[in-house]
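The following blocks contain the structures, represented as structure tokens.
In the two complexes below, subunit A is the common chain; its partner is subunit B in one and subunit C in the other.
Our next item is the complex of A and B:
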């Protein structure tokens, strides 16, 4: 794992874009140093040898679970319920800003 | 007559018609009105009965529910401004089961926003105060439920734990808190924090109440693909069987304890010995690795889980996220992003395997592992800022078990010199809640140490 004392402004902005978060200049600076500090801390995992260890997928050894075909849908929401918490409902639809 | 009664005691009074359901509900309603403004344990309070879906074993018993469980028609915020007006159109499995058992909802309790924290201070609606000392934190993230139960603003409640969020506030508030095995209780309808860790569980005034509520909320759920088909035990019955245990004491978990905490823990271990249990020291992987491992995996899951909050279908825009949520999303985005995935996320999942194997090895030697729940008793509100990695430091003894997904229970084992409750945890093997409840029940019967709980109930008068 690589270490840096501070993430650059560009790195922080790249992350915030991926995460769809808007950050102030103060936050960019703050997170830049806090993230670097945390990344530095978690490096101690390198002390543990894991070359021959399989990564954990489920702590209780469950594998894929799926519904049988034809299972009755008992948890679907009505259109009214699905829209009930939306703030920009137009004609029974979510109205969004233009994407392209 | 009602003050301090456990769930099972209230049931008995109701069943023998010594009190009515209305009297019970109105008792708590009045108490909440009187004390909640000072404690801020509840964010939303129900002013009338009528929540039950049918008659059942909990008919007339009111409970406090952490505000990350979706309750149909009742505001559910996860203590974040993103969801400050969210009215769920569906019910979580845990609360559905409680409704079918006939419970009454008293209200939804405060928590760290999105369950990110160990003090309730990251709540967008102000911190909850500890009933033992209102200048202190009740712990978190299930601090609202912990304070409500401790101050008897509810006879019991439901919390959720990702790593410590049931056990740590139970320890700091002086009550019983049970984190079940991962998959034992459905996560459906619980606002997700770390999906591979999250466990709903009971927070109560007695071991029996915890066993009783677990019996109601546990079980396989087809709406949660990670819930386990492993059969649910008869906890109430199994708990009372006289058994002798081999108890493991991990040395690393006793380093850096406050003297008051260490003293109480040693006393509690002496109680186990006196009761005829075999106590032996064991070695476990140092909890310090769990802090790093947990930090990587949980942040990754947080960034993914919180991505769904886009303010379109429900809730407010992402600009409403508080600073702790943003910090966690950013770190998770970093460790999952191209070029870093193998170094961080994949490495952490491998270390998680080591932690799991470590516990599996230990449980070949012992039936239960006993350790402190927290290194210190309740801190003052605001003190947390002095501790970098505060949540991780406070949950250092809870994270290994949470990483592995094993069950554990917090028991109050007396007070320290500041008159604050000290918590001890008993960890058990996968799906062996029966054993830790059995040992906890024996402990409760055999010592006066848990008299702390009754004292806590009378803290506010």
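Our next item is the complex of A and C:
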């Protein structure tokens, strides 16, 4: 599979911003070609005849799955459990460096 | 200067539902005042592999809101993921709705006797269901994250850009708050954050048919008081730029209620940058006709209908009907009181006067209200024949005072009023006494 259509530097930077990733110059180049390859791969779908296939947004054969309000919470965590993965805890909250 | 330009304003209003459980997990949704990170589970903390399941009641309540705003409840719907990176969003996406919301195309007509002119209608684009984000607090060198609010059910109401002034926005919001409280699905309290307003504001040259090529979203408006201030400030800011020949930037701005200004927060993403796609964790929804009819039938009589009925059937003045229907409890109490006092031949308008002008509390037990109301009205009911007879008597007995009044000493009339009231044993309305006395002098 050829990768004629490298993504431009601006396109990669835009995607990295949306994904909240910081990339080095080398990575920008690398992902430019890798992402183009990925898009080309998806283009294989163009070879399939899909006119008669209805748009699908769920592959499981289920609908209207819901729970009754106020029913027992079996997945709740204690405060201690909830905070146990945090790197920095301040006042029983997850702490980041100040963002604004 | 402002006449040359017309503001074009559309609204996004978020309303937090007061269900018992959260939107996609069974954690307690009532987080107000709770210790940080105590109403949490793997779902609302966005842990890998945790599966969200929608809250049935939240969806029903949202659909009732949609119906109350005269929307169509859609037969097919689904949840989508809306992606953006922010520390209040642990999954990196918010579960929301994109192209198949639960309710579409509504209209709210507001008839407010305190606002000049005809009733005004505002179109509702859509009403959809989503989840609230975690709460961030910025303290010292830290930003703290509390997940208690994460995944609390949030209804988003989107309007068409049908507003051309801050007054219209305020009037609409007040009506919306009343409607939502009638439904009993939320406190819709702006100060507590259970109702939040994000106006999209732009300004166009008056008379120009096309919408401006930009819009500015304003966030952080957390009280009714600031709604008008924030919009008026933003409109003025944009007019200044337009006068300079510039086009205001499309962006999100915050409102600073201390400095009373809006300030730039971030450039606004386009919808495509949110990379919406159907949430594969949540199967789609289908609602048959019966279900949708039941939603419609579950609505209480809403404020505009109630107001009209009070005016037409109970012959209550428009402004009083408006005041009485601002709160469902007051409206119901008023009707009960009217029924109880009907036997005493007391008209609904008199009951309205007692509640609105005499401020007799609607928190009283009904029988106490009835007896106090009868007392108030009895005192007011003046026996005119007796009054005139007593006035004649008082005038006869006090020739000097009468002469003083006639000579221009207006204050002396109060002595005569006092004498008349004494003879009436208090069973007369003071205003009527003064008026009749003046006529007789």
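The rule is short, and it goes like this: the second predicted complex is superposed on the first by the 93 of 100 C-alpha atoms of A that agree within 3 Å, B and C clash if a C-alpha of one lies under 4 Å from a C-alpha of the other, contacts with A are read in each partner's own complex, and residues count from 1 in each chain.
Heads up, the rule we're going with is that a residue touches a chain if its C-beta (ideal position, glycine included) is under 8 Å from a C-beta of that chain, and two chains touch if they have at least 3 such contacts.
Just so it is clear, the structure is predicted and the values come from calculations on it, not from any experiment.
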| item | value |
| --- | --- |
| Partner chain(s) touched by A:93 [first = subunit B, second = subunit C, both, neither] | second |
| First (subunit B), second (subunit C), both or neither touched by A:84 | first |
| Touching partner for A:69 - first (subunit B), second (subunit C), both, neither | second |
| Contacts of A:34 with subunit B and subunit C, given as first, second, both or neither | first |
| Contact breadth on subunit A, by residue count: subunit C or subunit B | B |
| Partner chain in contact with A:26 - subunit B first, subunit C second, else both or neither | neither |
| Overlapping contact positions on subunit A, where the subunit C interface meets the subunit B interface | 18-20, 57-60, 62, 64-67, 71, 75, 77, 82, 94, 96 |
| Of subunit A, residues touching subunit C in the complex | 18-20, 57-60, 62-79, 82-83, 90-100 |
| Residues of subunit C defined as touching subunit A within the complex | 19-21, 25-28, 35-43, 45, 50, 53-59, 78, 83-85, 87, 92, 136-147, 273, 275, 278, 280, 282-286 |
| Complex contact set, residues of subunit A against subunit B | 1-2, 7, 12, 15-16, 18-23, 27, 31, 34-35, 37-39, 41-48, 50, 53-60, 62, 64-67, 71, 75, 77, 81-82, 84-88, 94, 96 |
| List of subunit B residues in touch with subunit A within their complex | 85-87, 89-90, 181-183, 196, 222-223, 225-226, 228, 230, 288-289, 291-293, 295-296, 303, 307, 310-316, 318-319, 321, 323, 326-327, 329-331, 333-334, 337, 343-344, 346-354, 356, 388-389, 403-405, 430-431 |
